[in-house]
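Per-chain residue numbering starts at 1, and chain names A, B, C, D, E, F and G are given in the order in which the chains are listed.
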Amino acid sequence: MQIRPLYDRVIVKRIEAQRTTASGIVIPDSAAEKPEQGEIVAVGSGRLLQDGTLRPLQLEVGDRVLFGKYAGQTVKVDGEELLVMREEDVMGVLEADAGTTRKAA
Amino acid sequence: MQIRPLYDRVIVKRIEAQRTTASGIVIPDSAAEKPEQGEIVAVGSGRLLQDGTLRPLQLEVGDRVLFGKYAGQTVKVDGEELLVMREEDVMGVLEADAGTTRKAA
Amino acid sequence: MQIRPLYDRVIVKRIEAQRTTASGIVIPDSAAEKPEQGEIVAVGSGRLLQDGTLRPLQLEVGDRVLFGKYAGQTVKVDGEELLVMREEDVMGVLEADAGTTRKAA
Amino acid sequence: MQIRPLYDRVIVKRIEAQRTTASGIVIPDSAAEKPEQGEIVAVGSGRLLQDGTLRPLQLEVGDRVLFGKYAGQTVKVDGEELLVMREEDVMGVLEADAGTTRKAA
Amino acid sequence: MQIRPLYDRVIVKRIEAQRTTASGIVIPDSAAEKPEQGEIVAVGSGRLLQDGTLRPLQLEVGDRVLFGKYAGQTVKVDGEELLVMREEDVMGVLEADAGTTRKAA
Amino acid sequence: MQIRPLYDRVIVKRIEAQRTTASGIVIPDSAAEKPEQGEIVAVGSGRLLQDGTLRPLQLEVGDRVLFGKYAGQTVKVDGEELLVMREEDVMGVLEADAGTTRKAA
Amino acid sequence: MQIRPLYDRVIVKRIEAQRTTASGIVIPDSAAEKPEQGEIVAVGSGRLLQDGTLRPLQLEVGDRVLFGKYAGQTVKVDGEELLVMREEDVMGVLEADAGTTRKAA
């Protein structure tokens, strides 16, 4: 089962960071602060403009994104926890190359 | 009797999840947290744009949708409890196939 | 005396549901929760669009409508209690036939 | 001295209802709840649209109107108490004939 | 020294009403409620429309206006107390002739 | 070092009024209420309109302006205290000549 | 790893001012008030206009900017603390030359 988001919403899967203390003890995720990074797993059909047309989103499936701690709403699909948020709530995309190139969209 | 929603409103029928404990005892619905899934049973004539035209909604009758716990207003028609909400309040559509295909609308 | 509403306002006459207990005692209206159904008795000349034109309302005189418990303002005309509300505040129209047909407007 | 309202404002003169108790005692106005009916005595030059043009108001001098208890601001001109409010704050016009005819404007 | 207001702001000089008690004692202004009438002494270059053009104001220098008790901000220029407010905050213009004529602007 | 403001922001340098008591004692500025006058030292490139064009500001470098006591944000550049505010927050321009002439912009 | 901001967001790296007391003791940064200056390290693809087009930002990579103490959200990338904010939140650009020249954009 998958979620198809509407308009300018995206579905984000949190990336759970492995946390290890200096002494090598692994802290299970529930004891650590939830990360604010995730991967886009679905994007809506576009932002609705005032003239009624849809503008495709800038985000794409597979993008690794940063978002605020309280962004989006949590939903559970087939036991998996996902976040539904607006593209607006995504602060940026993490990239391996230099981030200063302007991406036309 | 049926409700015809106006403009960008939709009528949603909650999908009541059967809840069974590990020992096999069925928890009646009133004791369980209300689900946040539903089925679209009617859609409005469209979102009113600034130029006065109506834009057909993306949701269709039969769509299985996710929505927030406090979305919409409850109404009772012929003894049946329904929700009236704006298309805006629907977070996404649950689908069997991959949710990453962009649906043109 | 009648009220002619302005722009996108409509006049609604509540439909008072007869309430009878299991033992047959009729509960007078003042002791029962006010119903949230009504009949449209007058509609405004239209919604004012940004370009100054009026868009005719979707509601028509005679429509049986659902609305929120706190929608509108109560006025008394010739001893009769009526509600003045915006078309926006009406959640839907009750119809005998299937409510899934889209009404063009 | 008269007030010429600007843009979409109108000047309303309250209609003071004569109040008489069952025993025939006239209750002077200050002891009675202020009525929410009035007569339009002046209308502004029109609502300012986004493109800078003025759209004539629907209300006309002489209209008998209904308005909310806290609508408008009270001003005194030549000892007479008047209300200045926006056309938006007027809920409807009281008419002797059927109120369901749509008035083109 | 004079103030030139920007855009849709106007400069208003309060009209101090002479107050005399029944016994003929003149109440100096500081002991009396400040009047809500004034004279327009300067007007801005116009309201900025969405397309970037300026729409000349309806108010003109010399107009005697009514405004709310808390409208505008008080400024002192050369010892004289003036009010800076938006045209929007002016409720109407006091005129000797009938106020029902619509002024084209 | 100078600040170049963005869009519709302006940089204002407060004009510190010399304050002298009746007996001739000069009150240093920190003991006196801060004045609400200033001089424009830099203006932004223009107000961003909805269509994406920039509209040049009405304020110019050198203008002596009035502004509200809590307008803008204080910044320190090279030890000098300046205010950054939006053109919107400036109430008017102080001029030696009559302020009633409309300046086209 | 770099952050590519979306739309009108920019990535800012705070400029940590070296603080030395009169007696020459260096105050480490954690004990000093955080500075409100920074350098733009990445800019979004543009501000989304109502017609769906993107307007390039005025800020450029390398610009030294002023911003409010509570502007933006802090993110950590590769151990480095950065700020994500909207171009709107940037008050101005610090420049060595005179700041009164209008930059066309």
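Everything that follows uses one rule, which is that a residue touches a chain if its C-beta (ideal position, glycine included) is under 8 Å from a C-beta of that chain, and two chains touch if they have at least 3 such contacts.
Bear in mind the structure is a predicted one, so any value in this text is a computation, not a measurement.
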Q | Minimum number of chain-to-chain touching steps separating chain C from chain F | A | 3
(Q) How many angstrom lie between the centres of chain D and chain E, each centre taken as the mean Cα position? (A) 24
Q) So, what's the distance in Å between the C-alpha centres of chain G and chain E? A) 43
Q) How many Å are there between the centre of chain B and the centre of chain E, using C-alpha atoms for each centre? A) 54
Q: Among the residues of chain C, pick out those that touch two or more other chains and give their numbers.
A: 50-51
**Q.** Chain order, ring traversed from chain B with chain C following
**A.** B, C, D, E, F, G, A
Q | Complex interface listing, chain B residues touching chain A | A | 36, 47, 49-51, 53, 55, 58-59, 66, 68, 87, 90-105
Q) If you look only at chain D, which of its residues touch chain E in the complex? A) 1-7, 9, 11, 41-43, 45-46, 48, 50-52, 54, 56, 61, 73, 75, 77, 84
